[in-house]
C-alpha cells in the first residue's frame, strides 16, 4: 500500500544552523504518529515543513502521491500552496484563534472562503465540528471569553472543518494549564478512534504511548529511533532515547 | 459692548468658514486613510525591497517637514512653474499627502502588533495571502490602530486652520477678514477658539464611542 | 530638472547664509518654547495628582481645550486678540507662550502615561524596604519615568519644531518667514520653499532618528 504521507531527505537550515539533517519517514492512512524529543531537536520544525509554513532547504514531501510545495521543480508561493495546505489540518501550540470572529465563524470561515460552501452549509458544518469537540454550548462566544482548553478544542474543530486528509498537532497541550490538558487529549483520543491520520508533536509521553501507533524520537535534527509506540516508550533501544525518556519520567 | 447685529455678522461669517473646515477635514481624512492603508499594505506585505525604501523615504520627508511648508510648495511653488492649484485643492492634497504618511505608520504599527500565529493559522487552513490580509489581519489591525487614528482625526481638524495661510476660505480666513473690517479682534478670536472646540468635542466623543465598540480586542 | 536646480547654483552664496541664520532663529524659538512647555507640562501633571477636585477639573478642562483648539487660533488670540483688552505681547513672546500652552497638555499626558507605566509593585517594594513616599518617588519612580519619557519627548519636540513654522503667520522672524521674504524677492517660490523644507528636515530628522533608536514604538 502506498503511504498517505511520504517524507524523504527533509533538511532545514537557518543560515549556518542545521535544524533538520535529513528526515525520512512514511505515514500510512489512519496511522497515528507521535514525534517526541528534547527542545531544539527539530520536531516542530519538521511538522511545520510538512505544510510549508517553514520552507525545507532540501528533501521531498508527498501527500497522497502529490508533491507538496514544489511545482515543475520550482517552489510554490503562498497562494499556490493554499489548496495543498487545506488538505492538512494544523493545530498550533498557541491556538491562534481569530479574536475578531465568533467561535462558529472561526470554524466556518475557511469552509466558506476556501472551499466555497454557502453560508448556511458552512455554519452547519461548523456546528457539527464544534459538536465533535464538545463546544457547541459556546458557539456564539468570542474566543477571548474561552479558557485555553476550550480555545484549543475550537482550534481543532477549525482544522477539521476543512476535511483534511491529515491532521498535524504542534505541541497542542504545551501552553495549557495542567487541569485543562485532559479535555484536549480526550478530544484527540476520540479523533484517533475515528481512524484519522494524525501526526502529533508532544511532550505527553503517556498519551503518545497509549494513542500513537508509531513513535519517532528526534534529537539533533535526526530520527534517532522509531518504532511501535508501546515498544519504543517502554523499552527504547538507543541510549539517547533511553536518556530522554528517563528525564521525562522525573 | 458689541451690538447684537455685529455679533450675528461675525457668527455668520465664521460658520460659513466652518463648513469649509469640515469639508476639508473629511476629504483629507479620506485621502489620508486610503493612501496610508495602501502604503502600509505594500510596506508590510509587499515583496519588492525597492518599494519599501521608497515608502520609508516618503514617510520621513512628509513627517519631518512642517505642513505649512508643504502647503506653500504646493500652492505657491507649483503655481510658479505653471501648475496652478486652487487653495482648497492644495489644502486637501497637502494635508492628504502628509496624512498618508502618518496613517501609514499607524496601520503598520497595527499590523506589526499582531502575533505571527494569526497569519499562520489562516495560511494553514488554506487561505491565500490576499484572503489572510483581508479577512484576518486587516480587521484586527484596524481595531488596534483606532485610538491613534482618532487622535490623528482630531489633529487634522486643527491642522485645517493652517490652510487659511494659502487663502482657503475656512474659519481662520474668515476670522482674519472679519477682524480687519470690524476691529473686534478679542471677540472674534475667542469665538474662533470656541467654534473649533465645538467641532472637536463631538469628534472626540464619536471616537470614544468607536473605541469602546470596536476597541476591546487584543489579538 | 536642470531648470529646477539652476537657481540653487546661481544664488547659493546669498541663500545659504540667510537660511542658516533663519534655522538658528527657528531653533532658538523651538527650544525656548519646548523648555517652557516642559515646565508647564510638569506643573499640569503634578496638579492632576492633587486632592483638590477643582484643580483636577481645571486641568482636565485645560487639556481638552488644548486638544480641541488649533495652535494657530491660540497664536492669533494671543497676538492679535488680546491687545483688544489691553494685553499686548510682542510676536516672539506670543509665539513662545502659544507653543508652550499648546504643547504643555501633550507633555502632561506624556508624563502621566510614563507614570502609569510603572507597575504599582515598584512603589510597594520601595515602601516595604522602608523608603518614605517621597524617597520612593524620587529614587525609584521618577528616574524610570524620565527614562521612559525621553523618546516620546523627542517626538513631541519634533512636532513643536514643525509647528513653530506657524509663528511666521504672526510675523515672528524665523525660517518660514525668511523663506516667504526670499520668495517675494527672488520670484522663485518653488526652489525656495523646497530649500526651506530641506532646512526643517535637516533639523528635525536627526531627532526623529534618535527617538526611533531609543524606543522603536515611541515614534508613533
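Each chain gets a letter, A, B and C, in the order it is written, and its residues are counted from 1.
Convention: contacts are C-beta pairs under 8 Å (C-beta built on N, C-alpha and C of every residue); 3 or more make two chains touch, one makes a residue touch a chain.
In this text the structure is predicted, and so the values were computed from the model without any measurement.
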Exercise. Which of line, ring, star, complete or other matches the graph of chains that touch?
Worked result: line
For this session: When you average C-alpha coordinates per chain, which one falls nearest the overall C-alpha average? Tell me, please.
Result: B
For this session: Calculate how many whole Å lie between the centre of subunit A and the centre of subunit C, each centre taken as the average of the chain's C-alpha atoms.
Result: 54
Exercise. Distance from the CA centroid of subunit A to that of subunit B, rounded to the nearest Å?
Worked result: 46
Exercise. Any idea how many Å lie between the Cα centroids of subunit B and subunit C?
Worked result: 20
For this session: Give the residues of subunit A that touch two or more other chains, as numbers and ranges in rising order.
Result: none
Exercise. Which positions of subunit B touch subunit C when the two form their complex?
Worked result: 60-61, 63-70, 72-73, 76-81, 105-106, 109, 148, 154, 157-162, 164-165, 172, 175-176, 179, 184-190, 192-193, 196-197, 199-201, 204
Exercise. For subunit A, which residues count as touching subunit B in their complex?
Worked result: 51, 53, 77-79, 81-83, 85-86, 88-90, 92, 94, 96-100, 109-110, 113-115, 144, 155, 158-159, 162
Problem set entry | Residue ranges of subunit C touching subunit B (in the complex, touch as defined) | 64-65, 67-74, 76-77, 80-85, 158, 162-166, 168-169, 176, 179-180, 183, 187-191, 193-194, 196-197, 200-201, 204-205, 208, 217, 219-220
For this session: Write out the stretch or stretches of subunit B touching subunit A in their complex.
Result: 115, 117-118, 120-131, 135-136, 139-140, 143, 217-219
